[in-house]
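By letter and in written order, the chains are A, B and C; residue numbering begins at 1 in each of them.
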């Protein structure tokens, strides 16, 4: 069985935005009992990450760490036409993940107790973002 | 064919711990000849990486590089309740990988000559870690 | 359906080398309409990344950023027998991706408008690199 759907995630500014629940619903509707769900981000200035979803301070510290290491005002950047937050966005995307694949077990998204699935928006301005979700299995 | 199993990896302290052989056994038992094996780490302070497995100095240098760039004593961290090695662990996880997918060819794990599959434990205290292994194919 | 093939990418020096077209051809030949294509890099000093493929300055800035953060002359490195660019190559590989999985929709590689698939060669000397491409779906 292969079930594929495109999800449009609402426009937010920079930060980690959880969409675990929407993924779980797609998995439930697919009727796949054992298999995998693949999520693919169709953008190069946003990315995906599976992260601790209990305490928001962990996400804030993660985001702040990456902002300190990939600052907007890096004088080495030449790709600056689309604004100061564009080149850092591409680097942050490359250092995290364009897609995530998660097991489906007993018909459910088999995440660990503290794991959530996040779209990491790297641009400051809000952009709606599209992800393709593919559920495979039996 | 879909074969799914949960593997508990023994508790180790921080570092890269290879489990290629255990994966290879699961692939052999699955009887899949051509396909993929997906390994998913159920934790947010440990991660996976496929790394050079011939010379241990390469792993030590990799680990030391990451420790220098994500130090425990970073005064910016606010997520510190679970100890000084907790927030660095989440960042190191986000910069590496929660899951890996590896081809299965002719019934075997199709890794390159110098590749091994490692659980990267980011906490100092030993924790047993669980990974879900899903073999798909024909 | 599972279609698996090994692709040898031509030898280039360090940098991001796009091979989106070759992947698209493999997907077309597979006759899979809905599914996934998985690309696996068989090396530990080269990696994969999905990156902005319109403006080469974005790739140059990405590469230059990583070179500044993982410099060849880091005095902490001990794994230096294979040359000064070997240990940085392993670190850059671990920070990016050994494999990428991309949706196949309506028989085509379902990338976003600005996404391309790149082999990121981290060694200075040209090496031919092998990737295993596995197309699954229906």
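We take it that contacts are C-beta pairs under 8 Å (C-beta built on N, C-alpha and C of every residue); 3 or more make two chains touch, one makes a residue touch a chain.
Computed from a predicted structure; not experimentally measured.
**Q** Taking shared residue numbers divided by all residue numbers at the interface, is the value for subunit A and subunit B over half (same) or under half (different)?
**A** Subunit A and subunit B contact each other through largely non-matching residue numbers.
**Q** Give me the C-alpha superposition rotation for subunit B onto subunit C, in degrees, nearest 5.
**A** 120
**Q** Return the distance between the CA-based centres of subunit A and subunit B, expressed in whole Å.
**A** 20
**Q** Touching at least two other chains at once: which residues of subunit C meet that condition?
**A** 69, 95, 97, 101, 136
**Q** List the residues on subunit A that touch subunit C in their complex, please.
**A** Interface residues on subunit A, with respect to subunit C: 2, 4, 38, 40-44, 69-70, 74, 76-79, 87, 90-91, 93-95, 97-99, 101, 130, 132, 134, 136.
**Q** Once bound in the complex, which stretches of subunit A touch subunit B?
**A** That would be residues 34-36, 49-52, 55, 57-58, 60-62, 64-65, 68-69, 95-97, 100-103, 105, 110-115, 136-138 of subunit A.
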